[in-house]
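Before anything else, here is the set of structures, which you'll find just below.
The following pair of complexes shares a single chain, subunit A, combined with subunit B in the former and subunit C in the latter.
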Partner chain A sequence: MFSIKEDRSKFPTKKADGTLDIDLDSQKYVKIWQGPNHPGITGNMALELTVSGDEVVQSKTHVGYLYRAFEKLMERRKFIQCFPICIRMCVPEPDINEYLLAASVEELGGIEVPEMAEWLRTLVLEMARVTILLRGVPGQGGTMSLGMGVQWGVYVRDLMLDRFEELTGGRVYHMYIAPGGVRGLLPSGFKDRMEEVLKKVDEFVVDIDNLMFNNAVFKVRTKGVGIIDKDWIDQYSVVGPNARAAGIMRDVRKDYPYLKYDQLDFEPHTETDSDIYARSRVRWHDLQTSVDLIRQIMAKMPEKGEIRAKTPNVLHWKIPKGETYQRIESSRGEYGFYMVTDGSAYPRRINLRGPSYNSAMVLLEKMLVNANISDVSSLMVSLATCPPEIER
Partner chain B sequence: MSIKDILSPFSAWKKVIKDPVTVKDPFNDRPGAPRYRGFHKNELDKCIGCGACEEICQNAAIDMVPVEGIETVEGDSGLRPMVDYGRCCWCALCVDICSTNSLTLSNEYTWIDSDPDVFRFIPGYDKKEWDNSKLGWTKPKNYDLNTYERVEMKELHPEERDKSFIEFVKGYSKEQAEAEADRCIDCGLCTATCPAHMSIPEYIKAIRNDDMEEGLRIMYETNPLPEICGRICTHKCETVCAIGHKGEPLSIRWLKRYIADQVPESKYKEVLEQGLEITPKSKKVAIIGSGPSGLSAAYYLSRMGYATKIFESLPEAGGMMRYGIPSYRLPYDQIDKDINYILSCGVEIEYNVKIGKDITIEQLEKDYDAVFSGTGLHLGRSTRIPGSEHENVFFATDLLREISLGTEIKVDEKIVVIGGGNVAMDITRSLARLQNQKYGKVDVLATCLEAEDIMPADREEVVEAREEKAIVDPGWGPKDIKIENGKIKGLNVVKCLSVFDDEGRFSPKFDEDKKKFFPAEMVVESIGQGMDLTYIDSIKDKLEFSDRGRIVVNEKYQSSLPWFFVGGDIIKGPDVINGIANGHIAAKGIDEFLNKK
Partner chain C sequence: MKEILEKIKTKYEVTDVLQKRADLLFFTIDKKMVLDILNYLKELEGFTHLVMLSSVDWLEENKFQLTYIINHPINKHDIAIRVDLNRDEATMDSIHHIWIHAETDQREIKELFGIDFPGSPGVDEDFVLEDWDEIPPMRRDFDTLEYSERTFFPRDGRKTYDTKEYMKSKLYPDDKQ
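On to the complex of A and B.
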C-alpha cells in the first residue's frame, strides 16, 4: 500500500545543497507534464512530474496560464465596478467573491446591510456551495473514470442554475451580491421550485453514496491514499473540508459566524482518516448540510424587506482610509479578501487569500512524492484546488 | 470492504428505465428567466443620452454616439449608448444606473452572425427581434445606486421671515453640500443648457473634494457673479438635470452658493489671480449699466487687459439685481461681494450718470474704442384697464427700486398685485412683509392670467408667498379697477380660459360669466417690463431693430454699429444668467473687434 511517508531509499539521493540528484540521462527517470490542459486538472495549471516507473519522485506545480490581473484591475475600478470582475477569481463558486467584496466595502464604508439582504446573501452562498459540490463530490470519482456520477451531478447542478437564473438573472456569473445589498427579492414561487431541486439533490446524495462511496474500486483507490498528516494542518494552513477530514473542526461559519449563520442550526461534518476518501466524504456531508441550510434559510427568512442599504452615489463612492480582512467558508475552506483603501473612490489593494494556493503550490508537491502516477489527478481533486483562484 | 461495496454501484442501473434529462429540441428556444440579463434594449425617446451607463461600465463596452434622427436639445445630449458585445459582461450595472430607466436587458440570449461587427450595436436604434421583449432585467424595485431625494435646504420658518427682509434661505452645511454634490452623475446636460455654459459637474466635483478655491476658480471662468447666481439664478440647469427624471434634480444653484459662501472676499484675489498675467491694452471700453451683463462684460474685458469703465445711473451697482430683487432673496452684502471683486480688477465705475442726459452716446463713441450697453428692463408695463391710471396703481419695478433705495413706499392694508411672474411674487412678498411690519397682518393678493400650473414664476416662489400668508389666486383676467369717490375699492376680474392661441401667440380668452372681485385699496401691476432706449435716440437711425422693437445684434452681441455692443435683458432673458452669458460673449466680440480695428 502506498504511504506518504518519505522513503527515498530507492529514489534519488539528496545533493549537498538539498536538491535531488536526478539524472534524466540515466533513463531511470522521466519527466511528464500533467497540464496545463488535462482532464485531471481543474483549470489551467501544470504539474511537472518526475517519475520513476509509475511513481512520482518529484513534483513541481507551475501556474501562469490563467493570470488575468483581476486584483490589479480592481485598483483601477470604482468599488461598484469591482463586483462584475471579482467573481471571475473563482469561476465555479463566484458568489463568495461577490460577498467578500461587498462585505469589505461595507465594513470600511460603515454600511449596514438590511436584514433581508443578509438572508438572501446567506441563501445564495449556500446555493453556490451546493452548485460546486454537485460537481466536486462526483468529480472525485471522475478522476478514476467513474464519470457517471459527474453526469448526474451536472444535471442536478443545472436545475440549481435554473434557480440562480430566476433569482439573479445569470446562471454562472450571478452578480447578485453587490456592495450595499443584493439585487432582487425572491421571485414568486421560488421556494417551491427550490424545494423540488433540493429533493433532486437528496436523491443525488443517495445515488452517489451507492455509486461512489460504497464502491470497492473507489475505496481501494482512495482509502489510505493521500493522507494529510495532522501536523501539516497548521503548518500548511489547511482549512475547511481538508482540515475537517483530519478531525480538526475548522469552519468559518462556526468559528467566525457571518451573515445569518449564527441563527442556523448545523454541525459541519468531520472525519479522522485524512485520506482522499475522508475528504470526499466530508464534502458529501457538506452537500447535505447545505441542502438543510437552504431549507432552514427559506423557512426563517422574512417574506419582504429592504434589499439595499443607502449608499453614496456609486459613481463617486469614496471609502475612508482603512484596511480589513473579511473571510468566508467557501466549499474549499476559509477564503478571504484583504482590502486596503486610501480614502479615494478606488480600492488601493485587494488581495485574495484562497485555500487552493496552499493546496496546489505547497501541499500537493509534498503529497505527490511517492504517489502512483495514476493517483495524481485524484490527489489534486481531493484537495479541491481551483487554479483560477491560485492566480487571479 | 464488504459485499455491499461490490453490489451497491450496480444500483445505477435503475437510471436505465428513467427518461433522459436532456431535451433534443434544436428548434424551440428555451426562454431566459424573467429576470435574465440578456441583450440590451433602449427606449430611444425616453433616453436622454446622459452617459451614466457609459460611465459605470467597467468593461468600457458602452460608447455614447450620435444617432440619426435624434437632435441635441436642452436636456438631451442627442447621443445614445452603443454596446460592444465583445466587451460586455452583462452585469446590468448600466441598467441599474440608467437615469431614465430607458435601458433594460431582454431575456434573449442567442444571437448568431458571421459578421463580428454587428455585435457592436445601438440598442433601440438598430432594430432587433428582442426590442419588444417583455421579459428581462430591469432595475430592481427599491434598488437605487444613487440618491434621488434632495438634501433639504433649511429656511427660516415663515413666521420668522414674514416681517423682515433678512435672507431666509440658510445655505448648506459642509455635510449637506457634500451629500448633495454626491448625487451628480457628471453628465453635463446642465452645462449644455446653462446660458453661460458653466462647468457645473466640475465645480460640483470640487465640493466633493472639499476644494472650494478650485470650485471658485472654475465658476469665475464663465460667471463672475457666483454669490448672486447662487441665490437667484433661474437655474435652467436644474430643469434638465438627469437625476430629475427619477427623482428631484440636484440643487445646483445652492451648491454654487455654497462654494462662493465658503471663500471669504479677502481671499478672492489670492485664489483667482494665482499665476494670472494680464497684458494691459491701450484701448478703452465703456459699459452702460452695471447689471449682470455689464458687470460680466466689464470683468472679462478687464481680464483681457482693456481699460473698462461702467456708467451707472443709480447710486449703486447691480442693476435689477440690486433694485429689482428683494434682499430677503439676495442680500445686499452678497451683491457687494461679487461687485467689489470685479471693481478690484481695475474696472472703473461712475455712479449717478445717465447716458443721453449727462453724457451723450456720441461722446462715449468719441472717448472709447467700443461701447457695451446692458441697460435692462426697468420700466413697468401697464394693463391699461379702466382705473389703471389711478395714483394708487403702481408698477412693481418702481416699488422694488424704491424699497432697495431705502425710500418709504406707500403700503395700504389691502393690496392686489396683477402678475404671475417672479417680479410679481417679489413685490407680493415684499408688500406682505411691509404690511406685517405696519399693520401686523398680511392682506395682499396676487392674481394673473395663467392657471396655477403654467404660472411663469418659479414654483417655490409661489409656495413661499403662500407660506408668508399672501394669497395667490391665478387664472383670472383683470377687467377694471373699481373706483368710488376717487378711492380704489378693488379689482374686477373674469375667468381666463387660455392665455395663448394654438400658434403660441399671446391671445387670452375669457369666460365673461365667471366673475370675481378682489377688494383692495392699492393695485400693483407686474405684467412685464419695458426698456428705456431714449439714451440712444441720436443713433437710432443707424441701428437695426426687430419687429418686436429689440435691437438686432449678431452672435457676438454686436449691433449694426460695429462699436456698439448690446446685451442683457434688452436682448435676451430677462434673467441674470443670460445677462452674464451675453456679457461674456460680447466681451470676446469686443476683443475681436478691437483687435481688427
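On to the complex of A and C.
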C-alpha cells in the first residue's frame, strides 16, 4: 500500500540539557519576529519564532514594549488617585479594574455598598463585557482576513459606547464605579435606548454565526487547531472561556458570586473540543449570555435608591493595615487584585492577576511549537491575549 | 476552611492566621516549609490552581513578603500563604516544577524586586526592563523622582509658574495687589 513517511530530518534534535539544537548558520532555520508592530499581534508584544519551512519549531514571547509601571505609580498615590491609573491596565475593558480597586478598598476600609449601586455596577460590568466581545468574537475571523465581521462589530460596539457616554460621560474610560458605590443613576429613557442597542447585538449575533461559524474556510482553519489539553488547565492555571472550551466549568460569576450575579439566571456555555473554533464559540455564547443578563438586570433592578455610601474624605482616607484578594470574571477569565495596605493613606502594594499572564507567556510558547506560521496570530487571539495586563 | 486549617496546623507551624472571608484564608509559614506545604496542598488537598505569586516590600522591617495564593476549584476557596524573607539575602526556592507557569512570576519578581529564584527557567533574562543597572525598581528605596530627574533632564525653554500668581497676572493685569 501507498504510505507517506514524514521526513523529520529537518527538525531540530534535543541536546543533553533538553534544549533544542538550533544552528541558524545551517540555513535550515529562520528567525522571524512577529511584533511588536504587526497586524497579527494584539497590543504591543513580540513573538520570536524560529521556523523550519512554514512550521514553528520554537517560540518565545517578549514583553516590555508597554511597561508603564502602574503598580509602582499606585504605591505613590492616594486611593482615589489610583483610579485613573488602574483603568489603563486593561484598555479595552477598563471597568473591571475600577470595580476591583473599589471592592478591595471597600473591603479593607469596611464600607457597605448600597443595593442600587450593586445593581448598577453589575449592569456596567455586563455592558463592558458586551463591548469587548463585540470586538473579540469577530476579531478571531479578522486574523484570517475575514475583516467584515470586525467592521460590523465596531459599528454595534459604537452604539454601546453611546450608552456608556450617556450613563458615565466617557466612552472608553468611564470612571463610573467609585469607592462606596457609583457616580450616577440611569438617565431617563435609558432602558428603552439600551433595548434598541441590544436588538442590534441580537442581529449581529445571527450575522456573525452565518458569516464566521458556518464559513467553510473558517472551520477548516480553526477546527482541530490549537488544542489545549484538559490536563493543561490546572498545570497552566487556564481560566475563563479557554477552560470552558475544554469542558471545564470555570466562571467566577458562578463559582464566587459577587455583586448581584446570585440573583440572575444564567448558565455559562461549555464546549469540549478545546480548539480555536470551540474557544470562539464559547465567546459567541458569552456575548448572548451578557445580552440576556443586561435584560434581566434592567428588569430586576429597583427604579430608585441610594447609589453611594458615605466614605471618609477621600484625600485624607487612611485604610487600616490589611490585605485581601478580590476576583472578577473578565471577558478573558479570572481577573484579580491583591491589595496590601499598611495603615497609611497610600496602598502598600496592588498586584494584578490577569488571565493573559499565564496564557500568553508559557502556554502560548508551548502551543506554538509545530504550528503553521499562518496560524500563529489566530492562535494568539483565540487565547484572548492582552499584553497590558502582563506588564503593568 | 476550618478543617483544612486544622489539618495544616497538625503538620506545619503556621502563624498570623487571618480568615479574611469565608473563602479566603491567610497565614504565614517558615521559608523552608513552603515547597512542602504547596506540594501537599496541591497533590493531596486539591488546591490545583495557582492564582498568583506576589511580593511586598516591608522596608521598615527589613523584609520581603512573598504571597502564594492558591485556589481549590472544586470546594471554591483560596489560601494565601505568606513567607517572610530577609531583605539582605533575598533568595527563595523555585516552584516552577509544581506549576510550570510560576516561572513567569518568578522572572518578574527577580527583575522588579531582586528576589532570586535559583533554577527557575529564564529567571535571569530581562522581563520588562532592558539594560537596567539601578536597584530593582519596585523596591521601596528606589526613588522614582530622583531617577527621572537624573535620566530625563528638564528640557530647555520650559518655565514653571506659580499657578495662582500667573492666573492673577493674566486675568487682572492692572490689579497691583
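FYI, the second predicted complex is superposed on the first by the 382 of 392 C-alpha atoms of A that agree within 3 Å, B and C clash if a C-alpha of one lies under 4 Å from a C-alpha of the other, contacts with A are read in each partner's own complex, and residues count from 1 in each chain.
The rule is short, and it goes like this: a contact is a pair of C-beta atoms (placed from the backbone, for glycine too) under 8 Å apart; a residue touches a chain by one contact, two chains touch by 3 or more.
No experiment lies behind these values; they were computed from the predicted model shown.
Once the complexes are laid over each other on subunit A, subunit B and subunit C cannot both fit and instead clash.
Using the contact criterion defined above for the overlaid structures, shared-chain residue A:Leu363 touches subunit C, although it does not reach subunit B. When both complexes are overlaid on chain A, the residue A:Ala309 reaches neither subunit B nor subunit C.
With both structures placed on the common chain, the touch criterion links A:Tyr155 to subunit B but leaves subunit C unconnected.
In the superposed pair of complexes, A:Arg77 makes contact with subunit B only, with no contact to subunit C.
Of the two partner chains placed by superposition, only subunit C is touched by A:Tyr256; subunit B is not. In the superposition on chain A, A:Asp207 makes contact with subunit B only, not with subunit C. More subunit A residues lie in contact with B than with the other chain of the pair subunit B and subunit C. The superposed model built on chain A shows that, among 8-16, 62-70 or 188-196, the segment of subunit B colliding with subunit C is 62-70.
In the superposition on chain A, none of the residues of subunit A is touched both by subunit B in one structure and by subunit C in the other.
Across the interface of their complex, subunit A is touched by residues 20-21, 23-24, 26, 48-52, 54-57, 67, 69, 73, 76, 78, 80, 99-101, 103-105, 126-130, 137-138, 140, 144 of subunit C.
Across the interface of their complex, subunit C is touched by residues 63-64, 67, 69, 71-72, 75-76, 234-237, 250, 255-256, 322-325, 327, 334, 336, 338, 340, 348-349, 351, 353, 357-358, 361-363, 391 of subunit A.
Remark: subunit B residues 1, 4-6, 8-9, 11-12, 15, 21, 32-37, 52, 55-56, 58-59, 89-93, 96-97, 105, 137, 140-147, 179, 182-186, 208 touch subunit A in the complex.
Of all the residues in subunit A, the ones that touch subunit B in their complex are 77-78, 80-85, 148, 152, 155, 162, 165-170, 173, 175, 181, 183-185, 187, 207, 210-212, 214-216, 219-220, 306-308, 310-316.
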